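First chain A sits with chain B, and in the next complex the same chain sits with chain C.
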Partner chain A sequence: MRRDWWKWFLGIWMTLMILGAFLYTPVAKGLGETTRVLYFHVPAAWVATLSFLISAVYSIRYLQKQQIQYDVWAASSAQIGFIFTILATVTGSIWAKEIWHSYWNWDPRETSIFVLLLIYAAYFALRSAIEDTNQKARLAAVYSILAFVTVPFLVFVIPRIYDSLHPDPLINPEVKIKMDPRMLRVFLGSLFGFTLLFYWMLRIKTDIEFLKLKLTKRM
Partner chain B sequence: MNPRKYGLEESVWTLLVKSNIIFQKDFHLEFRTRYAINAIILFAVISLTAVSFSVGPIQLEPPIQSAMLWVIIFFSAMSGLSHIFVREEEQQTSDTLRLVAPPTAIFLGKWGFNVVLLFSLEIIIIPLYIALLNVEVQGMSAFLLIIVLGSVGLASIGTIMAAIVAQASTRGALFAVLSFPLSIPVLRSAIQGTWTAIQGGGVAQCLADIQLLFSFTVVILTSSILLFEFIWRK
Partner chain C sequence: MRPKYIIGVGIILVFIAFAGLKLKQSFTPYVSLQEAKRTGGVVQVKGTRIPGSEKYDYQKKVFIFEMQDTSGEVFKVVYHGVKPSNFEQAMEVVAIGAYKNGVFEANQLLIKCPSKYQAEESKGVQS
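For the complex of A and B:
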């Protein structure tokens, strides 16, 4: 079997999910056709969080081992995660315009994704401000870990101050899944597809970075 | 000299003594030039006057009053707190400092200096703020406690971020960019707590904010002490 069979599989899978999102699933009560953003917005937000976590984990490993490949993983994960964070922000904002009648109103979810954007932006600004590779890796890793330490406080502090209007189909106080089974199927499938897509993008990004490293070493 | 081994052999007492020496050194250096203290206080006074001037005779509501206070304190902190490490790099004294003291003592000494710097700013700015914006603080003890905790939190973030930006090329702008996302929990709960205190809330009413400020400061300070060695070592 070919080694990249899963890439073909992912292509077909995502096509099925897109078709499923528009043709197969019913709409939720009160949300109308905008329900369908669920299958793209929530997986994007999930990947944004996941990539932030991966970046922090690789930052810790970089500080332990001082090997440059961990830094490449941490930085690449942050870069891919940044794209998904923007996607989640934009899709969420368009959805908010339709349902809440404003693109931005500092709902807790909007605040937390905005802080995530800020952290990523600061991380890239820091990386671009340092010349030396090892020093860049070290300082960026420290910043990434410190930013990660802050996140639980944001999760705790922000909802205490504002009430959220954000629909919570999966993460609610009763921890019950209240979705229609057809919706749930497509949603979980899309979540899986997005995660695999993220993994693929991350591999391409790290491969490019490793090739760049090899080239600079040869020169 | 292996810094890790050196750090292990230190007892807590000698560590504190060494931190105190670093603190004294920075304190004396600062009073020779008065660079940071002038920058931070003038910045705070100017922003306070700007707020007061633009507001004019309008009486601000407590939520806006407390938000304004923390915006002023945050930006003043951003203008002065990075100086503590940037100075070592600019005057090329950091390598000597690496030789004479363990990293943790350096961090604690510099953190102490930044805390004192923010406190001396507030001794001047808080009476001016109360006078210029016509604030009637009803719960004074809670108000002061939140100011103290919030400043210690901001100083902790400022110190570790100063250590990072001191080694980067664009320092001025980067410092605020790096510090802001981490300061959001401090700012949010400090603003909330100050608001409650101005309206007459005691320590009990602000307890949630006080707990959050305290625990966040402890967490940031602990992780900073653990991570500082990685920033400092070359």
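For the complex of A and C:
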């Protein structure tokens, strides 16, 4: 119970962020009520990027140490990342319908996230195609590292090179976050909350996988 | 161990080069007006609207306005539909349609909104 204090903290924190997103923050000019998608869409995309990075880092560690727990971390992180990528895509698409007047237009941002989904879908296809645990872990680790090479391009480079309907990235050349202070507070709070939520999800997922491993060894 | 790393880095570099070269064109659906004139088919032209050029023809049920594409060319857009609600706030407009008889006949308009995230009540000057 004592060690789990942060889970209670996260529950209260996320509740505050949701209330803040709907009740405390003003709506942005030109975006109307859809502004509130911001506090969930961007953190989802952030967590997706972070999780793929963590997957690649644990993949490197697996290749160095050849210990199965690193593979479990890498795979679990990629799985959660995939869910958050889908969340970012769906929330983005709904938002695009309201503001751009199109659910899907193959805008550079839409195309790049679609390619990202395909790349990580192939990672899971690869994992499910190999029976031998060690071989699976080794090949998946190599693939995860290769896949992550594309992430900075798809997430950061392409939207900056191509002219897109997507708003300028929040971290822009002028290094100024153009946001109302109330909005910024909830936005940063939500980023923090999502990150902690991701950590919790990753812990649960890896715990389950370790239990599964223990059970199969005993049988 | 060394050749392994070299091969690994090599594969990564080839992968980046491939992605860079092959996907360059595929990542954007937007073309210039010149391209629209050349192909004559349905394309997406992105640009800025010219404020004050908007007109509505109630009989033909068309919304007409002028816009300037990213290369600076100004042209007339005839949109068969109702003016999008957030048209006035548009930083940029994407007209989807074809260039015919000196005008761009659009079937769909997409709107890019300012990315300032400022509260609605503050009356800032829009760029």
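Here is the rule we use: the second predicted complex is superposed on the first by the 205 of 219 C-alpha atoms of A that agree within 3 Å, B and C clash if a C-alpha of one lies under 4 Å from a C-alpha of the other, contacts with A are read in each partner's own complex, and residues count from 1 in each chain.
Going forward, contacts are C-beta pairs under 8 Å (C-beta built on N, C-alpha and C of every residue); 3 or more make two chains touch, one makes a residue touch a chain.
Note that the coordinates shown come from a computational prediction; the quantities given were computed from them, not determined experimentally.
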First, second, both or neither for A:Leu38, with chain B first and chain C second: second
Which of chain B and chain C A:Arg182 touches, first, second, both or neither: second
First, second, both or neither for A:His101, with chain B first and chain C second: second
Which of chain B and chain C A:Gly30 touches, first, second, both or neither: second
Partner chain in contact with A:Val149 - chain B first, chain C second, else both or neither: both
Overlap of the chain B and chain C footprints on chain A, listed as residue numbers: 115, 142, 146, 149-150, 153, 158
Complex interface listing, chain A residues touching chain B: 63, 115, 118-119, 121-122, 125-126, 129-131, 135, 138-139, 141-143, 145-147, 149-150, 153-154, 156-158, 160-161
Complex contact set, residues of chain B against chain A: 160, 164-165, 167-170, 174, 177-178, 180-182, 184-185, 188-189, 192, 208, 212, 216, 219-220, 223-224, 227, 230-231, 234
Residues of chain C that touch chain A when the two form their complex: 8, 11-12, 15-16, 19, 23, 26-30, 44, 46, 70, 84, 86, 89, 92, 94, 108-122, 124, 126
List of chain A residues in touch with chain C within their complex: 26-31, 35, 38, 99-102, 105-108, 111-112, 115, 142, 146, 149-150, 153, 158, 162-165, 167-168, 178-180, 182-183
